[in-house]
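Consider the two complexes below, in which chain A is the common component and chain B and chain C are the respective partners.
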Partner chain A sequence: MSVYFLHVLILVAIYGILALSLNIIVGFAGLVSLGHAAFFGIGAYLSGLLMISGLGFIEAFILSGVITAILGLFLALPALRVKDDYLAIVTLGFGIIVTLVFMNLDVTGGPDGLVGIPPVMLLGKPLYSKPGFLALTVGILSIMIATVYTLKQSMIGRAWAAIRDNDVTAMFMGINIYTYKALAFITSSFWAGLAGSLYAHYTAYINPHTFSMHTSIKVLAMVVLGGIGSITGSLLGAALLVLLPEVLRPLADYQDIFYGALLVLLMVFRPQGIMGRVKITEMFGRGR
Partner chain B sequence: MFLQQLVNGLVVGSVYALVALGYTMIYGILGIINFAQGEIYMYGAFGAVLTLAATGNLGLAVLAGIGSACIVGVLLERIAFRPLRGTHPLIPLISAIGASIFLSSLARLLFGPDDRSFPLEFHPASHSILGAAQITGLQLVIMCVSVGLMVILTLFVNLTKHGKAILAVAMDSDAAKLSGINVNRSYVITFLLGSALSGVAGILMAVYYNATSFSMGTLPGLKAFSAAILGGVGSIPGAIIGGLVLGVAENLGAAYISSNFKDAFAFIALVLVLIIRPRGIMGSRR
Partner chain C sequence: MLQVRNLHTYYGHIHAVKGVSLHVKPGEIVALIGGNGAGKSTILKAISGIVRGASGDIILGDEQITHLSSERILKNGIGHVPEGRRLFRGLSVRDNLMLGAYSRRDRARVRSDVGEMESLFPILGQRKRQLAGTLSGGEQQMLAIARALMARPKVLLLDEPSMGLAPIITSQIYEQIRHLNRDEGISILLVEQNARLALNLAHRGYVIETGRIVMEGQSHELKQSNEIQRAYLGKGYREVWE
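Here is the complex of A and B:
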């Protein structure tokens, strides 16, 4: 495998974690977030800064997830007072505010970004090799898929589904909808923070632009393109939208036009997403 | 200082309000957020700037600007929104975002990546004094045009047949259809009106900042979207109040707190208002 191909695969895995984390909010709990890149960025900056200040990789990695999750709760508290499109604009505003904070703080390096982020350290050795990093990322992605899948089948997952389908009915069934909505934000931002941490240590350099609204939109597009609520769909959407710019590279200036048109066309002709209601487990005959 | 920032804020806010009216009308009738409203605004500005550079006729340029905004708006409704009626609310949202990316990158290809200045100079010499604050002739024109359009829109919606049809469709499109209203025509009229207002707003801002570029619509579009939500989406007076509040909050914040965070204040104001009134200032609990 060429180095370039490995690089693309690593990005697919990182964005896969990110898309799947957003799917918890959007697909499982039926909420909207247009500011998900903010959590990705918070995780990335936190992990980079923690490791620069002398912490080991594993501590920085876990802490970045935990702190991002706590910040996710802080967004959830005001955000959950509002619904639907109001929630969309509040999360979008949150994303823009966070980007501006990255852009204007000294500790984050301002618009120039954070330089010299240490590489991943495992067993006292730096992990520079691309196959090694890919294995690490895919490993974490697999753990995530397993937890998210279990979560979806659990009582929490069923409570989310009830809220998504009809929140008033869910409330009458005795589900505390605010707690569960907040839980969706916390879980989701935890994983987004971890994705950010991996991204920061992989690229060794991050800047505010990477975590702007465009990324939030791209991640949401991954979830919707793949099929809202589908785990396989999120991964497929992530793969598609990471690969797309690579495939469209020969088109140069026409890239964005193509990307925009593709989003519209896919929504018009396949609004249920690529996976739709098909489950990969059903495709292989295991039934429901 | 305070009064001056208030005046500047009201001028920018009245333009946000114009775009916000487009958002709110389209939301009210279709229940979707037209994310590409900022791009319609940008095409309005380009239509005017290019026509003015070619012909030198200001009246013609304004008409061309409004015309191009309307064409983009109606095409958008036909291609990106009409096929999506009745789907999951995220679907039209992504479609609109796709349309917005498409339109702005198309503009970059057609008109180039650089800022263009407005081909006609407006002399800000005519200062009228308003207490301690100064208001230029241009600012006065912008405010008068905006307020005039708001009045016309309110009258149109409440008094004319087509306007009342729009209100009826917004209330209940099935019932409207049963009483003989051509629902599709109401959608088109709504998009025409919203696009025309955004087009005018784009032209006004192209003159005010003396800069037209392919990306000029993004931030004003988002802020107008916040303004519509802030005021209570679907409410016409709400959009006007929301626009003015955001314009003022942004200018005061930039002046007294930090100009680096200028773009954040609009959203901070939005979050604060929504915490207290989750359905916006004029929003009704449906």
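Here is the complex of A and C:
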């Protein structure tokens, strides 16, 4: 396999983790989030900085997930006081603030970004090989798919589905909807943080631009395109939106036009996404 | 079993329920009848803790449940089948049943109770993978009742089970309710606009008008009362569906 092809596959796997993590908020719990790249970025910067400051990869990797999850809870506390369109705006604002913080702190390297992030270290050796990194990323993605699938089938998954379907009735059933919404944000940001960590150590260089609103929208598009709530869908969506720009590369300047047009066509002809049953309009409380 | 004493509720400045006292004995079906806006549904919602800020006493067994959260009241044994059924329309029949047992922690028993519900309402077993929103009105009502039963309530509050259903379906639902009460021993507090239907099923009844109980008694007595015949049973008119 060519190095280029491996590189694309690694990106597909990392964005797969990221899209699947957003699917927990959007697909399982039925909430809107337009700031997901912030968690991706927090995980990336944390993991990079922790390893630069001397921590081992495994410690930095796990800590970046855990700390991002805690920050996810901090976002959830104010965000869950509002619903639907308002929640979208709150998460959008959160994403913008986090990008600005990356841009202006000294420790994150400001707009120039963080340079010289150490590579993944496993068993005392640096992991430079692309097949090796792909295996690591796919391994973590697989663990994630297994946990997320189990979660979806559990009582927690059922409570999320109930909240997504009708939160007032969920309260009738004795479900504490705020606890479960917060849990969705915590779980989701944990995995987004891990995706960020993998990304940082893979590219060895990160800057605030990678974690801007543009990425949040792209990840949301992956989830919607694949089908809201579907695990396979999120992975397909990630693969599609990472591969598509590569395939369209020969079109050069016209690339984005085709990219946009394809998204529009897909939403017109298949609003529930490739694998999904829920339509995007229902996310905003319409179409019920 | 269930006792309500001097219940008052308010929606903002509107005094919706004005000092209602009623009780349900073990194994009894009690009907609340009355016109639109009389406060029947509000009484049920106050009992199950969905309408907050009620004053008065609500006692289940020998426990005060007046100011508990709706989750606690549910755990204490009040099941509520709300008006209009309120199913999770986008979830399967099976998921709806499982969510009814959400407040319980005895997972193994829950599984066997799902089986029990599916034998009680065979249609729910046949349609377990189907989305609840695609069921017919009568099936939805059965699912709503089964879902409430999944919490193993001591008292079941039923709000207008006949709403929006064809008369033949309504009588099937009422047959099921009678069966639940007689064979499963569940006490039922029933709210119904269709007074004839309710009084034929219930042992006792209360008549509510603008937030007050204006009459109470055994069902057969109420059916004989001139007042009720005139106001609620439409004596002198043949009801179209009969």
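Here is the rule we use: the second predicted complex is superposed on the first by the 276 of 288 C-alpha atoms of A that agree within 3 Å, B and C clash if a C-alpha of one lies under 4 Å from a C-alpha of the other, contacts with A are read in each partner's own complex, and residues count from 1 in each chain.
The definition used in the following text is that a residue touches a chain if its C-beta (ideal position, glycine included) is under 8 Å from a C-beta of that chain, and two chains touch if they have at least 3 such contacts.
Here the structure is a predicted model, which is why all the values come from computation and not from measurement.
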Mind checking the superposed model to see whether chain B and chain C fit together on chain A or clash? fit
With the two complexes superposed on chain A, say which partner A:174 touches: chain B (first), chain C (second), both, or neither. second
Partner contacting more residues of chain A (chain B vs chain C): B
Once the structures are superposed on A, label A:73 by its partner contacts, choosing first (chain B), second (chain C), both or neither. neither
Between chain B (first) and chain C (second), which does A:254 come into contact with in this model arrangement: first, second, both, or neither? first
Now for A:262: first (chain B), second (chain C), both, or neither, which partner does it touch? first
Taking CA centres after the superposition, what's the angle at chain A between the directions to chain B and chain C, given in steps of 10 degrees? 80
Mind working out whether A:107 is in touch with chain B, chain C, both or neither, as first, second, both or neither? neither
Least Cα gap, in Å, left between chain B and chain C after the two complexes are fitted on chain A: 12
Shared contact residues on chain A for chain B and chain C? none
Can you check the complex and tell me which residues of chain A touch chain B? 26, 32, 78, 81-86, 88-90, 92-94, 96-97, 100, 103-104, 213, 217, 220-221, 224-225, 228, 253-257, 259-264, 267-268, 271
Inside the complex, what are the residues of chain C that reach chain A? 50, 70-71, 74-75, 80, 82, 86-91, 95, 98-100, 102-103, 151
Enumerate the contact residues on chain B facing chain A in the complex. 27, 33, 79-80, 83-84, 87-95, 97-106, 108-109, 222, 225-226, 229, 233, 258, 260-261, 263-264, 266-268, 270-271, 274-275, 278-280
Chain C touches which residues of chain A in the complex? 155, 158-159, 161-162, 164-166, 168-176, 277-278
